[in-house]
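Chain lettering (A, B, C, D and E) follows the sequence in which the chains are written, and residue indices restart at 1 in each chain.
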Amino acid sequence: DLTVTAFGGVWEKSLRTCYVEPFQKKTGKTVDVVLGTPAQWVNQVAANPAKPPIDVFLTLIDGAEDAKARGLVEKIDPAKVPNLADVPEPLRQVVGGDAVVLHYGAAGLAYNEAKIKNPPKTWAEFIERTLKGEWQAALPGINVASTTPTAVIWNFNDALGGKVGDISPVIAKMKALRDSGNVIFWNDVNQFLTQMQSGEADIGIYWDGRAWAARDGGFKSLNFYYPAPGGVVSPTVVQKVKNGSPAAWEFIDFLFSPEPQSCWAAAIQYPVASTKAQYKPEQKARMPKLDEVRWPPFAEILAAMPKWVETWNKDIGR
Amino acid sequence: MTATASWRRLERRLPTLLLLAFVLIFFAFLLAPIVFVVLVSFGDSEIIAFPVTSYSLRWYHRLLEYRPLLDSLWFSLKLAGASAVLAALFGVPAALALARSRSGLADLVSTFLLAPLSIPMILLGIALLYKLSAIGLGISFTSLLIAHTVVSIPYVVRTVVAVYRGIGRNYEEAAAILGASRRQIFTYVTLPLIGSGIFSGMLFAVLISLDNLSLSLFFGSAQTNTLPVVMLSYLQNQFDPAIAAIGTVQMVIALVALLLIERTVGLKFMSSPS
Amino acid sequence: MTQATAKAQSSVTAGEPGLRLRDVCKSFGSVAALQPTSFDVPAGTLCSLLGPSGCGKTTTLRIVAGFELPDAGQVLIRGEDRTYDPPQRRKLGMVFQNYSLFPHMTVAQNVAFGLRMARVNRAETEARTRRMLDIVHLPQHADRYPHQLSGGQQQRVALARSLVTEPSMLLLDEPLGALDKNLREQMQFEIRQLQREIGITTLLVTHDQEEALTMSDMIVVMDRGRILQTGSPAEVYEHPRTRFVSEFLGTSNIIACTVAGAEEGGLRLRLPGDEGSSGFFVADVPVRPVGSTVLVAIRPEHLRIVPAGEAGPSEPRATVSGHVFRGATHVFQLQRPGLDRPLMAYRQITGPVGETALPVGAEVGLSWLPGTARLLEDEPLREDAA
Amino acid sequence: MTAAAATSGRRSRRALGAGLWPVLPAVIFLLLFFLLPLAENGLQSLYVPDAAGKLVFSLDYYARLFTDGYYLGVLGRTIWVSLLATVICILIGYPVAFFMVRHAGRWNGLMIFLLVAPLLTSIIMRTFGWNVILARNGVLNSTLISLGLIERPLRLLQDPSAVIIGLVHVLVPFMVISIAAVLKGIDTRLEEAAELLGASRWRTFREITLPLSLDGIATGAIVVFMLANGSFLTMLLLGGGSVVTLPLLIYQQFLLVQNLGFAAAMGNVLLVLAVISLFLQLRLIRRDGGAS
Amino acid sequence: MTQATAKAQSSVTAGEPGLRLRDVCKSFGSVAALQPTSFDVPAGTLCSLLGPSGCGKTTTLRIVAGFELPDAGQVLIRGEDRTYDPPQRRKLGMVFQNYSLFPHMTVAQNVAFGLRMARVNRAETEARTRRMLDIVHLPQHADRYPHQLSGGQQQRVALARSLVTEPSMLLLDEPLGALDKNLREQMQFEIRQLQREIGITTLLVTHDQEEALTMSDMIVVMDRGRILQTGSPAEVYEHPRTRFVSEFLGTSNIIACTVAGAEEGGLRLRLPGDEGSSGFFVADVPVRPVGSTVLVAIRPEHLRIVPAGEAGPSEPRATVSGHVFRGATHVFQLQRPGLDRPLMAYRQITGPVGETALPVGAEVGLSWLPGTARLLEDEPLREDAA
């Protein structure tokens, strides 16, 4: 009856156990889960706008912005999603109200404790000390869609006093970093871990959830924190596809009910949207508070992307 | 035999031995990164890391537990096989005609049939997604099959043309005079003689199809998920040895498949007689 | 050309010919491999194509088989126009000059191929294959691949493969070229026997004239894409119409003689350098003006030589200038004033080698039986007249 | 007269039978599912959004590609990288193919397996493997250092050389198999004949084996060149972005910028370039002297 | 084997042999293509390898050329051990049984290949190539590709290619097999002339015994991978040691005779079914017990036949059971009680065909000159004794 999107692995498994199965039990409706990536989903819907193959997007924010820009999704109607009452206001205002945050993570610095005893306190300090050559840093390349534009370009630019409309400060700095020889780039989220393990890099920009998972999985010397003024958020959001099954509303509402949200938080180790969700104590300790994370202007960034990408390509080239 | 004789025999074989040494180094190069992948797949650790400290089969159990990887592998194999067969059905007759044709048109047609090789898959994928959706095929196995066949045809055409051109007409003539119909000539004479070409072409098609993320991406659905799409999606959040394990499983499948071919058809068509 | 055809037709048995070529011609680019060519092969007979290398024998066979379309003309098999039929509908057997064995099949599979194509049942296929392999003396090689065979063995497999289907017509392109004499004779015998038994019309290309003479019912002599003469072996051998035919089939002494006079039913000719003598008589030839030069062919085996002392007084003389031992015969070269090329004479060896009574330098007398000297149609070349 | 007409009819039918009609199914299939969709998609490259975001006809994208030095550079680099990978694959692949056909015997199947095995692991995992080997303190560097061959670790990753290594690694099997398939048909007696005529092994190879296996090399070259030409993941993951090629930019336009028009423009340029080089290559390897 | 070798060695000129094989043997898997084989070819001479199809001739050549490593034994060329030398260092010329022309080169390029490899300058290369093409009568085909040639033309190109480099040794594997008799004789002459001029040691494989007899200085007869006899053509032809050699080289009537008595320097033998007669004498043979059966070979050309009326009273009789016309000779088959196979006798044709005085059924008397009947070393087979 319904098709929702998901990423693979634990993500999908948890989606099934925390959301899909209870929902099916409760309503008797069947839910298909389609694995893949945002670009795939958006285009699939765009190719069949009248009879979309997907009803609910669970997607990343850039995919969500794209879907909105192409007019593929509906505004989230609070009337049809009563549980939104438990979701803090900022999390409901993303993508111009065309999406709601389901959970969020934030980018910070992951570093090798064995090599670095005294990690930089702020983003600016990180840049300066990298330039000085205190360590090998691993930064995401321009092609890591969900990370670089926000966690590097916008974040550094901000730390260096630039504006969205003018990224020359960050470009100049990146050039210096690139030429210093103290920076390597990763172009796949998993490559960072490999680089850290093989000793190619000692510190770098990474995501909280993944860093903790690696540490818990056996990479004992990996540590993670949010430098001041804070981590850069990357939310996972929910969208209702235009012309999709009306049952989607029911499902979205179910997503934000407290019990599944707690289950979900425990499974994927990210803070979830519902204020009523329960967390395990050790998770609570690691979790960023909402005010510890910074929200980049996603829509503005998306609009500026063509220019950013071209500039970056030409000047940094990585 | 005297010592010098055996030494001279050896000396005579020296070029071959040097070649053998080169081939061994080559395979060392080819397998080097893969060895670590296989090792890691037997690791006990939660994350992909080397060196592996303790070994276990947990990631293989994990494959059985978390079905999408194996299911999509099976689906991918079916798709790869079907598209390779379809590509052969389209490609082999075309290649046979092209190889023997002397007309200038043949060059143009060849170029056209090989052209799908030269377009970035991602563009072809998106173009096909919209086109096939417009004609109602949408996101389905058929669509995937069409897409994969489009990119498989060039491989079959090219390899078969190359092999067929090296084979004289006289065998087919001999068969014709012995009363073999066109079809029989093809089945009993041409086909075995161009076996190496068809085999390589289809092998390429299968390999490309199995790895074709950019094309498959657009046709992924709950029913039509291919392995590379599932892996990409999996890696979005997780980096564990299950991915190494599925690769190892693929290699085992390849080994078994090749052994089966060896037993049934024989792989001798890839080496010269005697 | 048409004359030759008419003659060939007149000399064959009545009824539809097994094979008829009508003005067939073929060029490869600018190379005219076959000039317009016509001949008939009576059904059930064996016809040999003879001619020097590159004269168009293989091309003719390939047109009959249907591998090449003639540029013009028709190919009739048993009276039906088959010019544009594909090879597989012609029901022919063929041995290719380069064998063309299927490299991916064993010997047995090669031989059985035609039977399999005809869907002969397995037991019979096996039996017939085995029988053919016995005939070509290769029963123990059934499971080898062609590349594991010697040249002659491959050729025999090719022969077996073409015969096993008992085709209605057989095209053999030097099918025994790689075999030694004994084996070749056995194979000739086998081919001939099968051919007669089943009554297969056969076109045989051979460069071995002896083979052509012993095996054929009919011989077609070709040169440079044209047919020079057709007829039975004895006809062609005994009555060569031209110098080329005469020299191509066996050896001939070609002598430019002078017409000394016309007699009842023939001519009286005189050898060069023999002006005084009465000359010799050749019967059944068209009249030529007295004093003109004509070409006469005498076969070396017809030239009888005796030591000069034993020779008749009117017999022409010559000097032994060379002697070669060639198996069963002595070959003598004889010098004679007035001839720029030595004459050749064969003499059967009847005693141990070395015991020849005619050493080099000996003077001998020449003679031949009437009727063994043949007048040729060609005009003498300048060199002959010299 | 009628007989003559019938005859010429049969002739022409026979001539047609030997003709090109068997290519039709493939050609039609590709017209429908390759050319047509691409043409529609390609048209997007001719429409550029104006200030108001409305699409208007313009050659802007192409103008950018052909006037901007940056894009021209990328274009050049794309071809250069593919060419380099192709040449290295030929040099490495040929001896292996030769060994496989002439000497491997019953190890043949194993060789094929070993050739395809690396292609069956995901690029992410291969990248991991390369990292283990090529990292600053990876297997290779530590071996070389302990052997005393080098003093300081070589920088092999994040470098164009890693891109070439990675490309060759996955593409050379295609080269080997393409060459082997053709090499197999060459009569070894021809090589023997050449050796007997005094040609050294190398001369024999150059004069006999190589020309006769040109079709295999061409196949391999086409496949490798085209695959290299279309790959971006290797550049990304092994090169760390140090090698930017056209497919990479297409991927960016698609994933980061969602500008399908510009992506299509680059795709069309790539396609035209590749098709031209394909056509030239096919012309080049056409030889009249070949066995027929 | 060693006996044969010793004999061959004794009969050659002194000095280092051009080619010496010492106990060379070779198997392909379970097929023993060559048993341990030894023979010497004196420098500058032409040695023919004769033997039935599949006896190992090509294998021997390939070992000499260096394409196959022998399983054991040595190959010495001009006294140097070359067993393990690569082919290109042996400076040989070779014509392959299947020609092996380079398909991607024109005729001229094929021929010039060896010269190019030897870095002969361009002008000379061209001149020598052109000269060779003239010799093989193919000057106008220089720019064709092999597949545009007829079989015989290809063979001639192969011949030209092997000769143009004037190698120090020549290996010819049936180099003239696809040529008609006249062309073959011309080519034989050219090969022989070049061979003598340059003094090339030559190993010639041929299935044409006449070719072997006329061209060779020495003949090696092989069978099933073994050497049966070596010697000069006359030696081998006149003194075959075994039935096989006798039958392989030419035709032989093999008759199982009874030893009637030992005489001074020879034996007196009796034909089967001739018990009453005094028999005939064979000289120079080892003594055998009286009453034992021995094999005697008489060549058909040595058997003289005359109508019974003209025959001497003590001459054995036979009946004409068959008659074949074969070019220059009549072949008669003669039946005789006591023999299960008919005897063959040749009679040179001296008059027109058809005029034979010996029709089938006629009774004839047989005779042969003393010294033409040869005692063979073989034991009689059961069938001979029957």
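The rule is simple: contacts are C-beta pairs under 8 Å (C-beta built on N, C-alpha and C of every residue); 3 or more make two chains touch, one makes a residue touch a chain.
Computed from a prediction, not measured in an experiment: that's the story for all the values here.
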item	value
Between B-E and A-B, the pair joined by more C-beta contacts	A-B
Centroid-based (C-alpha) most distant chain relative to chain E	A
Chain D-chain E separation of Cα centroids, rounded to whole Å	57
Gap in Å, rounded to a whole number, between the CA centres of chain D and chain A	36
Interface hub residues of chain E, defined as touching at least two other chains	86, 98, 147
Contacts with 2+ other chains: residues of chain D	124, 128, 132, 201, 212, 251, 254, 290-292
Multi-partner residues of chain B (at least 2 other chains)	48, 50, 126, 130, 168, 231, 235, 269, 274
Chain A to chain D touching residues, read off their complex	39, 66, 69, 141-143, 145, 149, 184-188, 190-191, 194-195, 198-200, 305-306, 309, 313-314, 317-318
In the complex, chain A residues that touch chain B	3, 6-13, 32-37, 39-40, 43-44, 46-48, 53, 188-190, 193-194, 197-198, 209-210, 213-214, 216-219, 268
Partner chain C, residues of chain E touching it in the complex	28, 31, 50-54, 57-58, 97-98, 148-153, 155-156, 173-174, 177-184, 207-210, 213-214, 233-234, 237-238, 247-250, 299-302, 304, 324-329, 346-353, 368-369, 371-372
Of chain D, residues touching chain E in the complex	187, 189-190, 192-201, 203-204, 207-208, 211-212, 287-292
Touching residues on chain D, where the partner in the complex is chain B	18-23, 25-27, 29-30, 33-34, 36-38, 40-41, 92, 95-96, 98-105, 108-109, 112-126, 128-130, 132-133, 169, 172-174, 177-178, 180-186, 188, 201, 212, 215-216, 218-219, 222-223, 226-227, 229-230, 246-247, 250-251, 254, 260, 263-264, 267, 270-271, 273-275, 278-279, 282-283, 286, 290-292
